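Listed below are the structures to be examined.
The following pair of complexes shares a single chain, subunit A, combined with subunit B in the former and subunit C in the latter.
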Partner chain A sequence: MEPTRMKHQPFCIIKNLQVSFHGRTVLQKINLTLSDSGIIVLVGPSGSGKTTFLRSLNRLNEHYPGYSGSGKIELKLPGSMQDIQDIHSTDLEVTELRRQVGMVFQTPNVLPVSIAQNINLPLKLVTGLDKVEREARLIEVLQEVHLWDEVKDRLKESSSRLSGGQQQRLCLARVLALKPKVLLLDEPTASLDFKASHRIEDLLIELQDRYQIIAVSHSLRQARRIAGQILVMKEGQIEHLLKKEQFEDLEMLQKLLDEIF
Partner chain B sequence: MSKYVETLLKYATVFSALIVLVLFGFLTYFTLPLFAEGQITELFSLHWRPFHGEFGILPMIAGTLALAISALLIAYPLGLGICLFVHGLGPRWLARPILLLIHGMTGIPTVVYGFVAVFLLVPLLRNNFSHGSGFSLLAASLTLSILILPTIVLLINSQLEQIVPKLRLTTTALGISRIHELTRISLPAASYGLLAAAILGFGRAVGDTLIALMVAGNAAQIPGSAFDSIRTLTAHIALVVATDSQSTTYHSLFACGLILFLTTASVNLLLHRIKHRACRETNYE
Partner chain C sequence: MNRLLNFGVYCWSWIATLGVFLVVGLLLSYLLAQGLPTIGKELFFGDAPAWEAIFGQVRVWDALWPACVGTLFLVLLATLLAVPIGISSGIYLACFAPKSFKRVLSLLVELLAGTPSIVMGLFGFAFILFLRNTFFPDANTSLLLAAACLALLILPYLIFTTQAALESLSDEYRLIGPSLGFSQIQTVFHVLLPAAGRGILSGVVLSIGRAAEDTAVIMLTGVIANAGLPQGLFGKFEALPFRIFYLAAEYQTPAELDSAYGTALVLLCLTGMLYGSALALHKTLELRWNQHG
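Our next item is the complex of A and B:
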């Protein structure tokens, strides 16, 4: 298990972040310092740039055609603050950055292999751990996401036979197995029913002491339940960074958001 | 209206199936005299000397297999490489032109490949290797591999097109390199396409007539090296039909036809089985 991190320390400093696709600006001049005070939840209307913001942190935007970006993002990764945008940096390869900044998507995206292989294969390809270590890591992360008891007798079955909620927890386990420092979650419960969503939320609350979590959410109820800070986005900009005390009162939060949107 | 269409389609299906059955019956009927006259052992002998009463088609079977397998051995890795290049190993802007080129290749008449090979490849082999006339197994398999390349590329590509886009974002986000993603995750997931491409490529190579006829040299012998001249079953039929239409020689052609027919039928049945299995597995998931 990861040791509990230092609280209230800045872990992400963003300067003049600008992202556009095919010349259309999606994020404009974002300047922001995020400190480590629990789960950070991004809220905002559709098209406000939440997902693009999230993808800036593991440089996944570059994967999409027509991307162009500028600015600087520093993330606290083992050692010190590191400039993740510096593509010429030899210290931090982009694949290594993505290992350390893990991401879980809106719909569960299991690999077309068995349950065990979903965790084993990326682990083998990315970290090169040997079989014994991989087996141990597999059990550890499946227990961490409370999936072990449900799948321990059918690890060799196809992962697509799991339910949506189980698949999403498997995706989370797959990311956790790579020992990330930061977890990016892009509406991780959007495709799940109420019960499965609740389960993932509980899990995130449990994990927040071990990983810095940044999640996009469409649900204000969910944001209030799990967030330590809420980041409100509008038209590609950060409108507000709300502390816990500012959103504990639902009426106040609703009023604030109504004013913003 | 839809009822008429349905009836029309039904008749078309029955008609197509009947043609295949009639073809099979026809080939079997004309092959039967060989069995009756006890010439079947002669048929499977090593010598094709019709004027000496020897009608062995084994050299042609060997020639066909040697050509089809060698063409597949050249075209398959090449096709697989092209697919991997197009799906991420090469630059993105090159993918489309390459696929367009491969698509375009399917429209080129076989005779053009044969013609170019006769005037370019055969002299090249003749001048650079002091072995024979250049009309050889090697010349034919190189030419045939170009002919079956689009079949292989397009089949594997169609599978990868369904698999890769779904996986790419996931694997990229996990920090898995492109080459690892393709070789360790996408290709295993595309095993149906990989196998189907090999089987169909082989089927196409066995069935081709013109390349073998124009480039392989047509000597009815078991090939000892890549520079030897060979004769395939298809070329054999074309050659004999052009010169003879009587006698046992003529009957032996039906045996060749029957072998080709059964090979093609097996290829298709095998493909159907694999597809069926792949579908069943997908439904399971």
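Our next item is the complex of A and C:
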């Protein structure tokens, strides 16, 4: 298990981040320092740039057509703060950045292979662990996401036979297996029913001491339940960064959000 | 009105599907009725003893066996030449090619797809003439030349189906690899290609069928009526579609025409067998990917 991280230290410094696709600006001049105090939840109306913001942190935006971006993002990765957009950096290749900044998508996107292979394939390709180490890691992460008991007897079955909630936990396990430092979750419960969502939320609360989690959420209830800080986005900008005491009172939060939107 | 239209479209889809089944069924039963009685040792080996003929110890005259072997070699060789190039080109077009270059390349592939097979044959023939007049005075039409021209003919099918299969994968699926820190090559080979396998296989199956039935290309590039078993890559050969063609065109007795039907049936079975092997190969690869990566 990873040691508990230093609390309240800045782990992400963003300067003048601007992102556009096909000339249409999606994120404009974001300046922000995020510190390590629990799960950071991004909320805001659709089209406000939440997902794009998330994808800036692992440079996944570059895979979308028409992308152009500027600005600077520094992330605290093992060692020190590192400029993740410096593509000429020899210290941090984009593949290594994405291993350290794992991402789980809105709809579970398991590989159409066996449950075990979903975790084994990335381990084999990215970490180069041997077979024994891979098997140990597989069990470790499936236990970490509380999936082990449900799948231990059918690891060779196709992952598509799992329920939506199980698939999403498998996706999370697949990312955790690569030992990331930061977890990006893009509305991870959007396609799940209430019970499965609740389960993922519990899991995230459990994992927040071991990983820095940044999640997009469509539900205020969920944001309040799991967040240590809430980032409110509107029209490509960060409108507010709310601390825990500011959103604990639902009425106050609702009033604040009504003012913003 | 809307309901009537729905009903109309529903009926028309049924009739169209039924029509296709009917035509294929009629064709097959006619072929079976005409060809099946001729299937036997004599159709394959003529007067020659079967075992000796199979191993090439005795020459087979006026029978199918050399053409079966010829077609099998021809199709395998053409597929071996075309599949690696076709699939790689499809991968390049779908995953790596810059946008503007992609447009030019796609146009060229479309041009190749639109080239009639007789032109491919002429191209092969002209190429041999060129070689004879320049570097290799002994160059001649052969199994290798015919297979290479057939490979050119089936290349566009492979390129298009590979490209389409890869491009039809969802954006979310495409991002799995990069989001886990895979390099682009790893994403293509370990995530995208296996998922596109079924589509790519359909391209391979289609091109096997195309290579097995084409007569125009091989007529100008090395097939002859009585070559016997193929004597290596640079030898002449016989082929089933060409045999059907000349039996149907120049038959002397009704029995000879019937044996053309038999030959067509054998060609159908041979192509079916090749399809089956492609399918089995795909299943094995899929299973390996599923369990071991």
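Throughout what follows, the second predicted complex is superposed on the first by the 261 of 261 C-alpha atoms of A that agree within 3 Å, B and C clash if a C-alpha of one lies under 4 Å from a C-alpha of the other, contacts with A are read in each partner's own complex, and residues count from 1 in each chain.
One rule holds in what follows: a contact is a pair of C-beta atoms (placed from the backbone, for glycine too) under 8 Å apart; a residue touches a chain by one contact, two chains touch by 3 or more.
As the structure is a prediction and not an experimental result, all values here were calculated from the model.
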| item | value |
| --- | --- |
| Fit-or-clash call for subunit B and subunit C when the two complexes are aligned on subunit A | clash |
| Contacts of A:G23 with subunit B and subunit C, given as first, second, both or neither | neither |
| Subunit B versus subunit C as contact partner of A:N120, first or second or both or neither | second |
| First (subunit B), second (subunit C), both or neither touched by A:K156 | second |
| Partner chain(s) touched by A:G128 [first = subunit B, second = subunit C, both, neither] | neither |
| Contacts of A:M103 with subunit B and subunit C, given as first, second, both or neither | both |
| Touched partner set for A:G66, first subunit B, second subunit C, both or neither | neither |
| Where subunit A meets both subunit C and subunit B, residue numbers | 58, 60, 63, 95-99, 102-103, 105, 109, 111-113, 121-122, 125-126, 158, 174-175, 178 |
| Of subunit A, residues touching subunit C in the complex | 58, 60, 63, 95-99, 102-103, 105-107, 109, 111-114, 117, 120-122, 124-126, 156, 158, 174-175, 178 |
| Subunit A-touching residues of subunit B, taken from the complex the two chains share | 92, 163, 166-177, 180, 184-185, 188-189, 284-285 |
| Interface residues, subunit C side, partner subunit A - complex | 172-176, 178-183, 186, 190-191, 194-195, 289-293 |
| Residues of subunit A that touch subunit B when the two form their complex | 58, 60, 63, 65, 94-99, 102-103, 105, 109, 111-113, 121-122, 125-126, 158, 160-161, 174-175, 178 |
